[in-house]
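Shared between the two complexes below is chain A, which has chain B as its partner in the first and chain C in the second.
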Partner chain A sequence: MTIQTLDRAPITRPKSATPWRRNSATKRISIVLAGTLPLVITIFTAQYFLLPGATALLTVFIPLQLVASALAAIKVGGRRGIPDAILTVVVLSLVSLVVIVLGSVLFNLARKGSHAISRQFLFYNSTYVTSSTSLDYGGVAHAVIGTFLIVGLAAVVTIPLGIGTGVFLTETRSRMRGPVRFISQAMSGLPSIVSGLFIFSFFAVAGFSVRGGWLGSLALLLLMLPTIARLSEEVLKLVPQDLRAAAMALGAPRNRAFFQVIFPAARSGMITAVLLGLARIVGETAPLLMTTVPTNGTNYNPFSGQISTLPTFIYKWIGAGSDFSVQRAWGAALVLMILVGTIFVLARIFGKQKF
Partner chain B sequence: MGSDVTKLERVDLFAAKPGRGDRIFFGFAGLAAYFSFSIVFLVFIFLSWRSASTFQEQGLAFITGSTWSAESGTFQILPMIVGSLVLVFLALIVAVPSSIAMAYFIEFMAPKRVARLTTNIIDLLAAMPSIVIALWGAFIFTPVAAEWGKLLNHYFGSVPIFQNDVDNYYRSPFIGGWILAIMMIPIITSVSREVMSRVDKELINSAYALGATRFSAMRRVVIPTARGGILGGILLGVGRGLGETIAILYTINLIFHVNIFRILENRGGAVAPMIASFYGEADEKSISALLAAGVVLFGATLLVNMIATYIVMRSEKKMAS
Partner chain C sequence: MTLDNSLAPEAGNTVAQFQSDGDAHLETRNLHVWFGERHVINDVSLVFPENSVTALIGPSGCGKSTFIRTLNRMHELIPYAGLAGEVLFKGQNIYSSGVDPVDVRLSIGMVFQKPNPFPTMTIRGNVLSGLRLSGTRSRNEDRLVEESLQRASLWNEVKDRLQSPAGSLSGGQQQRLCIARSLALSPDVLLMDEPCSALDPGSTIRIEETIRQISKNMTIVIVTHNMQQAQRVSDQTAFFLAEDNNPGYVVEFGSTPQIFTTPQDRRTEDYVSGRFG
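And then the complex of A and B:
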């Protein structure tokens, strides 16, 4: 038996294949330079040519940063590093674009809104307020109350319906589950203005008064239902099948198994589902524009008369055009955002408890 | 031996018929489900029925003409449809790369804590009421974007799409496109992130083991596997964009004159904001026409959403198996 010898040159180790070694000084310097130099150059050119910030960022900083990162990548990882470096820079700049946008929205909301907000702005309604009334008079209390009433009414009807749909999708073996799931998923993209139009066309035919708080609630129902149905289905799906089997084996009827075992297990997720549904509708404007008539006074009855909500309040005062009215709109927008933020944080807190 | 097996009688496995509580419980669940199911058809039927007169009177010209006049009774919405499409297209140019970058950043680049923070930012952006974006867009963003438009026109004015004969850079489709992109980014990001998180980690690690760089792993592994889901997310974003009303209403001018290429001029259009802006002072006939526009809008968004839902569901099923 002959021993076959392999005639191969020993594999040379590539230069960059020393992962245990710390980066050499030149590499580290090049990384630091790539990280700082473009910014410094951008600041100086922007000062010199008097470029506005965003323009300087787009035309000077990002191209420079791309080139610098590519050069640093050659130094550190060889030619193969270039796409990586470019990918990193592109991804990071796009992410910061989105973050800057959100930051700008929140910052301006806080800055402009806080001018308008005072105790009286929060606790008074806007009777006798016109577009030339100064901010020392009038407030958003009536709109906050209206929002709570209309959204609350919508929620009271939608929550059972949405959870019922979720139950149908998880607890039964009906053949219609597929179509129901598909349609309610597709429904979640229903344009808010169409839901307003639908409620209008539906009730105008039946001879009801065309505008009113409860019609606004109905329009919001259509927008909230798919969200709650979909999320509660997902939550119920997470409940282990063993729990169901155990309840069944103990002789519980299906409805008691649901109310005493499955639902308590899924409760925090259910609360999150409801809160996200609320966050979806609390700032909806278009359907309320078509179904309610804003007013300056307080109305506690969503079933009759004119009623104001925060979104329609903002809409109305943007339209009024004067400085005071726009400031009012910013103030109300801040109040609305605080409301949405509270719901959002609550949803996060409840969403964290997972089994 | 086989002949010895006695055939069992058919046994009913239920010990008892479902009781009254169960019947009520499942009856309610079924009712709720069929309500959610049938509401789509109800919306469609009622809108079509109430707007039938407009479709009859205007005929095909309703979506191919460009005159809107309550006095002469002519209602045609082509400029708005074209405007909607232009806006969505412009928004996609910004939203698609940003969303994919966001999703990629959250899933593969960021440390855990930063990833969680970024997810929260995206979710907060999704929960942002469109009236707040409208306020920000009209008073903060518009002056900035108008400045960008001026610069584009100054340096690239010879390119047809950046020409501007009216010398007014406010309320242009260019600005509306940016605003729409902000509304679309959260949904595209969250769907893409969901899909990317389902890409098999083994697959990615083996790519790295074979010597892939970050870029080639993304291009050869992540994007091909997640492509279907990302496409579905983009379509969901398109559906959202077509239906966006208030934020667009405040950031573009609605002009009944088809404008496809002059994105910097203050002439634009979109179906949903048009309905909102004409609704207030509409008479009987224009209301019917607005409902007809609603039918067109609803049909388009429903179609887009159904295709998107189908794609997303299919890609989820494929990845789960």
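And then the complex of A and C:
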């Protein structure tokens, strides 16, 4: 019998410690060829036959790429590699399609909007601005403030309501859950202009003030509520029953079990639910056109007077007919996008799970 | 109360054979359980004397876990659950109308099959979670944390990282943390539903040591599939069985040595000797 004496000190990792990644030269060449040849062939055929881009993509590139990757897959991984390769191609093409579309939207927005952006554009309102006023005068500050007020007012009311609905749907055994779920589902398909029209006509019939910032908030509430309710329900459903049982077994009343165990476990998902709810309404134009009267001046009070928001600002100037006003609208669109992006990033940072 | 006992097997006789020496701390009388219309536990009457360890054994699906959940009113959290009979704790029926289930669960703690520490809390937070969740206060939380973890024989492994997340512990450590969490409320009874079934032998032994230690001043009911474990830790054993889709019932209930060495019922003998189940 031999006793092995082992050197127990750790050894440094060798340069190549991933034997599963070793590919021979021919395999590498076939992968590179499969990745480039279809594109090259597509470009040449498109040039020769004068095919439009989309046609070339659909009729030449995608079939060619699928065949090429299948061939490369046989070379690299044998027959079993074919489905993998095809799936990879399909997924990658769909992803790049989305990235291209999204990227071009953002790029266009940044390109066209950046002309208007300046210090004064961000911090001044548009009093005395007409469609022929140059970009050196006036700004979007009043619309930014209006957006914050109207969306903020809607959010302050809707977030507790929506989360409350989600909690009702997951944490209780009420018989009303079915109807509530059905209604919130149906509400999420509500066209935004109908929501605006409903609020407008409801208050007109009731003899109230017909238009105002808070009516805009109400119209947005109808759109935001089902999103937050449904998403928070889904998020709460993901919290394991084990945790609920553990909390109950420790003698927790339901409210403490919810606030100390279930909600913390669902926190990051809840933040997503709220963000998606905000995203749903922050750019809504139609309900605000029905319920608010845009103005060029600053209004800090959503409960009285005319009030502008970024979407209605964009709507107003994009149709005003001069180059300046169109650029103004693009600038406002860029501001809106940056605001939304900032809010989302901040919410993610502050809402980060401790562990 | 009129109950249809026609389904009840001859087990009634064997139950009566066991006379406990201590006072009945926890006791079930003619307990029946339903899920919807399905009758799952049939006429179980068991006595758990103070500071005793009782093992519940039997094949899967015979109602052991369901039974143990009726002992601290966790059973009623399942939709369509139904129950008849009595569960007496210190002489009072815990299902009578004036009793708050929260009080019951504070006196009768529970440890589950799968370790379920709260993932959003630290190790220390988990031990104190029972206090926070039930709204009780402790004068010296640090001491309570140390004592509870020591009784669950986890203190030495975690004393330097009480602020780490509970999820960073191994499975066995997590289960001992769950035990410490229950012990922090100093319950009179601890119910354990297969506490070692997901654990390695080393952790199992630590938990059995813990059980022996805490049973000096705590009544313990433990469900287990491990015959050796039942023999090692328990004073008395109840053998549950559900035959041919009939509801589960107690075939035999007696002191652990008696159940394992001289069982009265043929089926008990077959089960404890490993011939079925």
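Everything that follows uses one rule, which is that the second predicted complex is superposed on the first by the 239 of 355 C-alpha atoms of A that agree within 3 Å, B and C clash if a C-alpha of one lies under 4 Å from a C-alpha of the other, contacts with A are read in each partner's own complex, and residues count from 1 in each chain.
What we mean here is this: a residue touches a chain if its C-beta (ideal position, glycine included) is under 8 Å from a C-beta of that chain, and two chains touch if they have at least 3 such contacts.
Bear in mind that the values here come from a model prediction, so they are computed numbers and not experimental data.
Asks: For A:330, using the defined touch cut-off, is the partner it touches chain B, chain C, both, or neither? Pick first, second, both or neither.
Replies: The answer is first: A:330 touches chain B but not chain C.
Asks: With both structures placed on chain A, which of the two partners, chain B or chain C, ends up touching more residues of chain A?
Replies: B
Asks: Using the superposition on chain A described above, determine whether A:179 touches chain B (first), chain C (second), both, or neither.
Replies: A:179 contacts chain B only, not chain C.
Asks: Thinking of the overlay built on chain A, is A:100 touched by chain B (first), by chain C (second), by both, or by neither?
Replies: neither
Asks: One more residue to check, A:40. First (chain B), second (chain C), both or neither?
Replies: neither
Asks: Applying the touch criterion given at the start, work out whether A:29 contacts chain B, chain C, both or neither, answering first, second, both or neither.
Replies: Neither partner.
Asks: Would you sort A:349 into first (chain B), second (chain C), both or neither based on which partner it touches?
Replies: In the superposition, A:349 touches no partner, neither chain B nor chain C.
Asks: Just chain B (first), just chain C (second), both, or neither: which does A:286 touch?
Replies: First partner only, chain B.
Asks: With the two structures laid over each other on chain A, which partner does A:193 touch: chain B (first), chain C (second), both, or neither?
Replies: Once the two structures are laid over each other on A, A:193 reaches chain B alone.
Asks: Between chain B (first) and chain C (second), which does A:122 come into contact with in this model arrangement: first, second, both, or neither?
Replies: It touches nothing on chain B or chain C.
Asks: From the superposed pair, tell me which chain A residues show up as contacts to chain B and also as contacts to chain C.
Replies: Looking at chain A, the two contact sets intersect at 253, 256.
Asks: In their complex, what parts of chain A are in touch with chain B?
Replies: Going through chain A, the ones touching chain B are 52, 54-55, 77, 80-81, 83-84, 86-88, 90-92, 94-95, 97-99, 101-102, 104-105, 108-109, 112, 160-165, 167-169, 171-172, 174, 176, 179-180, 182-195, 197-198, 201-202, 204-205, 222, 225-226, 229, 253-256, 258, 279-280, 282-286, 289-290, 311, 314-315, 318, 326, 329-330, 333, 336-337, 340-341, 343-344, 348.
Asks: For the complex, which residues does chain A have touching chain C?
Replies: 173, 240, 242-253, 256-257, 260-261, 264-265, 267, 353-355
Asks: Which residues of chain C touch chain A once you look at their complex with the stated criterion?
Replies: For this pair, the touching residues of chain C are 72, 74, 77, 79, 102-103, 105-106, 109-110, 112, 114, 116-121, 129-130, 132-135, 165, 167, 178, 181-182, 185.
Asks: Under the stated contact criterion, what part of chain B meets chain A in this complex?
Replies: 18-19, 21-22, 24-26, 28-37, 39-40, 42-43, 46-47, 49-51, 97-98, 101-102, 104-105, 109, 118, 120-125, 127-136, 138-141, 144, 147-148, 151, 182, 185, 213-216, 218, 236, 239-240, 242-246, 250, 272, 275-276, 279, 290-291, 294, 297-298, 301-302, 304-306, 308-310, 313
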